[in-house]
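These are the structures, in C-alpha cells.
In the two complexes that follow, chain A is the common piece, with chain B as its partner first and chain C second.
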Partner chain A sequence: MSTRAMSEEGAERDPGWASRLAAHYSPLVFILVLLFAIIFIYGMVTAPNFLTVFNLKTIIRDAALVGIMAIGLTFVTLSGNFFLLSMKETAALCIIAFAMAMSGGYGFELAFLFTMAIAIVAGSLQGVLIGLGGNPIVVTLGAAGLFFGLASWWSDNLVVSFRRPHGAEWLGTGSFLGLPNITIAFILIAITAEIVLRYTTFGRQVYLIGANRAAGRATGHENFSMAIKTCTIASVCSAFVAIAFSAQVSSAQANYFSSEFGSSGDMTILVIATVMVGGNSIMGGYGSTLRSSLGAIFISTVDNMMVLHGFNSGPRVLAVGLMIVFSIIVFALVRRGSRVQE
Partner chain B sequence: MTNASAKDGVSAKLKNWIVANPDLAFAILLAVCVYSYFAFTNEFFFTHRTTYAIMERFAVLGLVGLALTLCIIAGEIDLSIGSNAALAAVIVVRFTDQLGAPTAALIAVAIAGTIGLIQGYFIAYLRIRAIVLTVGTLMLLRGVALFAAEEKTVMLTDFTVPDFITTKMLVYFSPASLLVILMFVLVGLFMNYTRYGREIYAIGGARKEALASGINLKRPMMIVFMISGLCAGLGGVIIGLRSGTAQALGLQYLLLAGTVAAFIGGVSILGGRGGVIGAAIGTLTVNFLNTGLVFNVTPAFMVQLYLGILLMIVIMFQTGSRLFDAQQRRKHVLSAVDHRRDIFLTRRDEFAAARRE
Partner chain C sequence: MQPLLKLSSVNRSFGAIQALKDVDFEVLPGEVMGLVGENGAGKSTLVKIIGGFDNGYTGNYAFDGQSVRFASPAKAEQSGIAIAQQELSLIPTMSVAENIFLAGHNVPAVANKRKLVDMARPFLEEVGLDYIDPLSGVDRLSVGEQHLVEVARLIAHDPRVLILDEPTAALGEQDSIRILDMVTRLSERGKSIIYVSHRLDEIFKITDRITVLRDGESQAPRTADTLNVNALVELMLGRELDNMFPERRPKRQAAALMKVRKLWPDGLLEPVNFDIYPGEVLGLAGQLGSGSGEILGAIGGTHRTRSGALTLSGREFLPSSPKQAIAKGIAYCSDDRKLDGLFLGRPIRENLSSPALGSISKFGWMRRSAEEELANGIAEKFTVDTARLNAEAGVLSGGNQQKVALGKWLSIAPKIILVNEPTRGVDVGARAEIYQKLRDLADEGAAIVVASTDILEMTNLPDRIITFYRGMQIGEIGLEDMSAAAILKQITDPFDETNL
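For the complex of A and B:
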C-alpha cells in the first residue's frame, strides 16, 4: 500500500523526461537544436568534406574568438545592462597596447598584464557610467568612438608588428593534444564562466539583478557595482581575444576587428548576434554562457557550410542577420505572456 | 521711457524663454562657442564657402540627427540607421543609370521607409525594445546591401546628377540641403501641431500612462520608425548621388555622429524631451566641430575620438543632473516628513501638557 502510494506520488512528481526537459528549457533551445541537426545533416549530405575531423576543428576554432567575447558579453546581458557596443573597439585598443608592448621588447607576461590593466580601466570606466544610470547603449557608443580614436592615435593608424620568435606564439599558433590552444582556451573559459554563473554568489547576483532590478535593489544588490564587474569581465574577455589574435598574426592594427574580420562584417554586431542566437534574453536574467558558446558554434557551423558551398560574404552576412531576427521574434513570442513590458 | 520698458520686456521674455528651454539655450550656447572658437582661430572659417560646406554636411548628418532625435523622443533608439542609409545609397547608385535619378531615388527612399515601418510594427507588436530588433536588422540590412551591391563598390557612370545636387543656390545652399531643410520644417510642424506628433512625445515620456490612456502603441511607433527610415534613406540617397559611389559596408560613422547631435540638441535618454530645432542646432554644432577639425588637418579617427568624448560628457552631465534631481527630491520629501513629525510631536506634547493640567 505504502509503496503504491509512494510510486504514485513519484509518478506525479516525475512527469517523464520529455516534459521535464520542456519545463527546463525554452522551446527556442529545441528549435535551435533541431535547426542545428538539420543543417548538420544537410552539410553532411551535400558537402563532402564537411564531416571531417579537420573541418570540425576549424569550425570550433573559428567559433573560439567570437565565442570568448560573447561569453564576456553574456555577463553584461544577463545582468540587465543590454549589451556593449564597444566590444571591438576595446579589442582594438587592447591589440594595439599588446603589440606596442611586445614590439617594445617587454616580453609576453608584462605585455599581457599591461593589456589586461588597460582592459580593466576601460571596462570599469563604462561600468561606472552605466551603474550611475547612463544608458548602456549610448555610453558604450561614446566609449567606442573614444577607444577607437585612442587606438588609432596611439598607433598612428599603422600596422604595429613584432618579430616572430616571441613569447606569445604558444597562444597564437601552438596546439595541445591536437587541438589549437585558442580552442582549449575557449573551452576552459566557457566551463569557468558556467561554473561562476551557476555556483557562486556573484553568479546568483547577476541573475537576480538582471531578472528584477527593483527586487535586487530592495535586497541590497545595487546595479552600480554589478555594472562595473560585468563590464570589466566583458572588457577582459575582449582583451584576451585581442591578445590571442595578435599573437596569431604577430601584428596589430586598430581596424583589425572592424569590417574585415571573419566573414560577417562588424565584430561587435557578430558578438551580439552570438549572444542573441544562443537564446539569451536580452532584457536580462535568463540565459547562460553555455548558450552563448553554443550560439558561437552554431553561427560558425552555418558560416562554414556556406563557405564550403561557395557563397560570397553577402549571403553569409544575410544569413547571420536572419538568424538574429528570427531568434528575436521567436524569443519575444515565446516569452510574451510571461514578461511585463519594461 | 517706452524704449526702456520695451527693452525690459524683451530681456524678461528672453529670461522666461531660457528658463522654459534650458536644454535648447545650452545647445545654442555650445554651438555659438564652437563656431566662434574656430572662426577666431582660423581665418578661412568665417567665409561664404565654408558656410556652404557646413550646409552640405548638414544635409546628411542633419537627417540622421533628426531621425535619431525622433527615436529618442519616443524612448527608443534606431541602431540600424547606418545600414539603412548604406542600403539606400547602394540602391540609388545601382539603378540611376537604368531608371534615371528621380525614379531611383524615389525607389530607394520608399524601400528605406518601408523597412522602417516594418521595424516599427514589429517593435510594437512584439513589445520589445527597439535596440533589440534594430541590432538584428543592422546586420540583416548590411547583408541585403552587400547582396544588392554584389560585394563591390558600385559607381555612377554619368555625373550630371552629382553636379546638379551640389549646385550652389542662394550663396549657402544646394538642392540637397534645401530639401533637408524642407524635411526639417515638415517634421517640426508634424511633431508640434498634430495629434500623432504629441502621441510620440507621450509614448516616450510616459509609456505606461500613454498606453493606459488609450494610445495604440503601434501607430506612433510605426510613424517614428517610418520617419527614421525615410530620413536614413534620404541621407543615403544624397550621399550616394553626391559622391557617385556607394559601399555596402560604409556609413557606419553616421550612428555616433547622429547620436551626438541628438544629445547636444537636448533629448533625454528617458524620452519625451527635445525637438526638431534642438536636432538642427545639435547637428550644426557637430558640423562646426567636424569642419573646424578638418580645417586644422585632423585625421578622421581624431574626429571620432572627440565625438566619443563629447557624447560621454553629455551623458555624464545628464546622468549627473538626474541624480542631483533625485537627491533634491528625496531631500525635499524627507524634510517635509521631518516637518510633519515635528508638528505632530509638539502637538502631542501640548495635548499631554493640557491634559496634565
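For the complex of A and C:
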C-alpha cells in the first residue's frame, strides 16, 4: 500500500533530466560509461599517442571482430542457452572453407555463400541438440572438437592462402570515408542486432525464453526453435568474422583463432569475456547486444592502453580476466540493489 | 497468567516505509496464537524480530519476564525460540535422523547410526511421524512429511516457543492435517506456538487466540471462538467484505464447449470423461495426488498424456504443447507461478502480453502502442497499478503476481481458462478479487475450470464439481448438493459405503 502511494507521489513531482535519465537507463549503464570515461581520461593523460584519431580508429577496429562474434553469442546467452564454446572452432572451419573456395577460384560471392551455408548447418546442428535438451556446454564442446578436427583435416593443418588481388580485399582492408569497412560492418551489425532485439517479436521471445524457459513454453514460445535460431545467428557471426579476417590476411589456418588472435590468444574466451564484461546476465533474459558491443570496445580500449604502455601479453590477459571478475561483481551488486521487493 | 513472550509498541521502518507501527504482541505459555494479515501487513517483519533475525526495531521485547534484544537468530534459539521457515532447510541426501541432529545439540561427539535412530524416535513420534524409518532419506518423504521433520529438528532443541510460518502453504489436505494435529499435540504438552497462515479455516481449527496485523498495525488479540471467517476477514482488510466469493448463477448452456473423452494423463489410474460448458465455473476437487491438476495440465498441453481426445467445437484434438492449446483458445495457469507462470525479471507489461505476441505485431515487428493498450486493459481489469507496468514482475507481492500470471491469459481472449490452485500464497484481498474475475470471465462466456485442494474455495466458487481421489474420477456434485462435507467425503474416502 505504502509503496504505491510513494510511486504516485513520485509521478506527480516533475523529474529533472537526471532522474528521467536514471529512470530510463539502469545504473549499470552509468557505471560502464563512468568506468569508460575514467580509463579514457587516464589514457589521455598518461599515453600521448592515446587520443589520436588514428589510435581511436585502431581501438574500434580491434574491437570489431571480437565484437561481431560477441553480438552473435549474445543472442544465445540472452535466450538462456548459456554459451557456445565452439565459437572459435566454428570460425576455424569457416575460415578454411572460405580460403579453400577463394583459392579454388570461385570468387568472393560464391565463397561467401558457401561459407555461410556451412555456418548455418553448423549452428543449427548445435541448436537442434541444445533445443532437444542437450547441455549447451557438452554439446558445443563436442561440436568444437568436431569442427576443429574437420578444419585441420581439410587443410592438412597448413596455411591456405589465396593470391592478391582478390574479391574480398574490400572487406579485409578497404575503407569508406576514412573508416575501415570492417569497422563499418561492426557498427551496422551492432545497430541491426539491437533493433531486432528491441522491436521484433523474435527479440521479445529471446528475452522471454531467457527469463524463464518454462513460462516461455507455457505461453507458446518453445526453446527448440529458439535454440536453433540463436545458435545459427552466433554461428553466422563467427563465419562473418572468419571471412573478414581471412580477407585481411589473404590466407587461412585452422588455428588462427586459437593462437594468433587478440590479447588473450583464445577467441572463444575473449568473446565470452566480452559478453560478460558488457553485463549481460549469464542466466539469460537480461542484457542487450549493445552491452556486448560496448564491452568489446571497453576491452579493446584497456588492451590498447596497455600496449601503448609497453605491456606484453601476460599482463594483458590478466587484465581481461580482472575485467570479467570485476564486471560480474559490480553488475551483480547493482542488480541486487535495484530489486526492491514490494 | 504472565505472558511468555511480549512485544509492546514495536516500530520498524525500512527507509520511508514503516513496516510495523506500535505493534503489541504476546503469547501465553502453552497457547497457540494465530498471526494473520494480508501480504505486506508486517507478519514476516514481526516474525523476524521475534526470532532475532532483525534487531533494528524500537520498542520493548520481553521474553519470560526479561527484557531482551536478540543480536542474532542463534541467540534467540538459545533462549528457546524456534522458527520453522516456509522454505525447507533440510539436506535431501541425508537421512531423517541425521537431519534432525544436524545442528549437533545434545549429540555425543561420536554417535553411530543406531544411537541417532534411538535419539530421533521420540521427536518423530512427537510430530506424528512414528511410522517413518529414521534412516530413510529425506528426499523420499512427501513435502508435508519433510515439513514435519523440520519441526522435529526444532523440537530436538526443546524450544519454549515454536513459530510456524505458513507451514501448510505448499501442502495438500492430508499433510496439512498432520501439521495441525502436531500443533495441537505440542500445545497440549505446554509449548507456546505462533501460527502464521493464510488459510483461515486452519486458524479457526487450531488457535486459541488470534492477532491480526493490518498495514503494520496490530489489533488486540481475540479469542478464536468469538470470531468467524467474515469477521476475521473484516479485521484483516479493515473494511467489510460482504462475501469473499461472488454469487453463483447456474446457467449451464445446452451445448458443451469441450468434451473430454477418455483422457488419460500420466499419473492417473484411469482415463477421465467430462464436459466443459461455456459460462460455467467447473471445479475439479481432489487432494494432492488426486490427479486433478494433471488433468488441467494435459488439456493445457503441458502434462504428458497417454491417450484420449478433446472435442472442441466439433473438432477432435489433443495438444502436445501449450502452443497448440493456445492456438485453440485454451489458457492454462499452473499452480506454480514462479516456475512457469511469470517472467519475474521482465516488466509486467511484457508478462501480460507474452501469450499474444502475434496480435500485437505486424510482420514480426512489435507494435508498442498495441502492446501498451493490451497491457493497460488487462491491468485495469485486474486492478494492477498501470503506472507500474514497466516495473519487473518480481517486485510485486504474491497476490499481484498471481493477478498478472492469470491476467496475461486475457490477452488471447481464451474460450477455456484452466486454473490450477488459483489462490495459492495469495492474501485475502487479492483472493476475493481473483474469484470475482474468474466469475466475470465466466459471465462473459468463457468456460472456467478450477482445480484446487482448498476446500473453502471448492465449496464456494464453482457451479459444478467433479471429484477425484488418488488418480480416479469419483463423481459429480451439482450446486444444490454442494457442501464441504459432501466434497470431503468424495475426495478423502469415496469407497467407504459404496464398495464395502
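Everything below uses one rule, namely that the second predicted complex is superposed on the first by the 305 of 342 C-alpha atoms of A that agree within 3 Å, B and C clash if a C-alpha of one lies under 4 Å from a C-alpha of the other, contacts with A are read in each partner's own complex, and residues count from 1 in each chain.
Keep in mind that, in the parts below, a residue touches a chain if its C-beta (ideal position, glycine included) is under 8 Å from a C-beta of that chain, and two chains touch if they have at least 3 such contacts.
What you are looking at is a predicted structure, and each value in this text was computed from that prediction instead of being measured.
Novice: Chain B or chain C: which reaches more residues on chain A?
Specialist: More residues of chain A are touched by B.
Novice: Taking the superposition on A as described, I'd like to know which of chain B and chain C A:Ala218 touches: first, second, both or neither.
Specialist: second
Novice: First (chain B), second (chain C), both or neither: which does A:Asn157 touch?
Specialist: It touches chain B, and chain C stays clear.
Novice: Could you say whether A:Gly167 touches chain B, chain C, both of them, or neither, answering first, second, both or neither?
Specialist: In the superposition, A:Gly167 contacts neither chain B nor chain C.
Novice: So in the superposed three-chain picture, is A:Tyr199 touching just chain B, just chain C, both, or none of them (first/second/both/neither)?
Specialist: In the superposed model, A:Tyr199 contacts chain C only, not chain B.
Novice: Residues on chain A in contact with chain B in one complex and with chain C in the other?
Specialist: 341-342.
Novice: Going by the contact rule at the top, pick out the chain B residues touching chain A in the complex.
Specialist: Residue list for chain B touching chain A: 77, 79, 122, 126-129, 131-133, 135-144, 146-147, 149-151, 248-249, 252, 255-256, 259-260, 263, 269, 299, 301-312, 315-316, 318-320, 322-323.
Novice: For chain A, which residues are in contact with chain B within the complex?
Specialist: By the definition above, chain A touches chain B via 82-83, 85, 129, 132-135, 137-139, 141-150, 152-153, 157, 254, 259, 264-266, 269-270, 272-273, 276, 282-283, 312-322, 324-325, 327-329, 332-333, 336, 341-342.
Novice: Across the complex, what residues on chain A touch chain C?
Specialist: 1-4, 6-8, 11, 199-205, 207-208, 211-212, 214-222, 281, 285-286, 339-342
Novice: Could you list, by residue number, the parts of chain C that touch chain A in their complex?
Specialist: Per the stated touch rule, the residues are 16-18, 40, 215, 300, 302, 321-323, 326-327, 332, 334, 339-346, 350, 354-355, 357-358, 361, 364-366, 385, 387-388, 392, 394-397, 400, 408.
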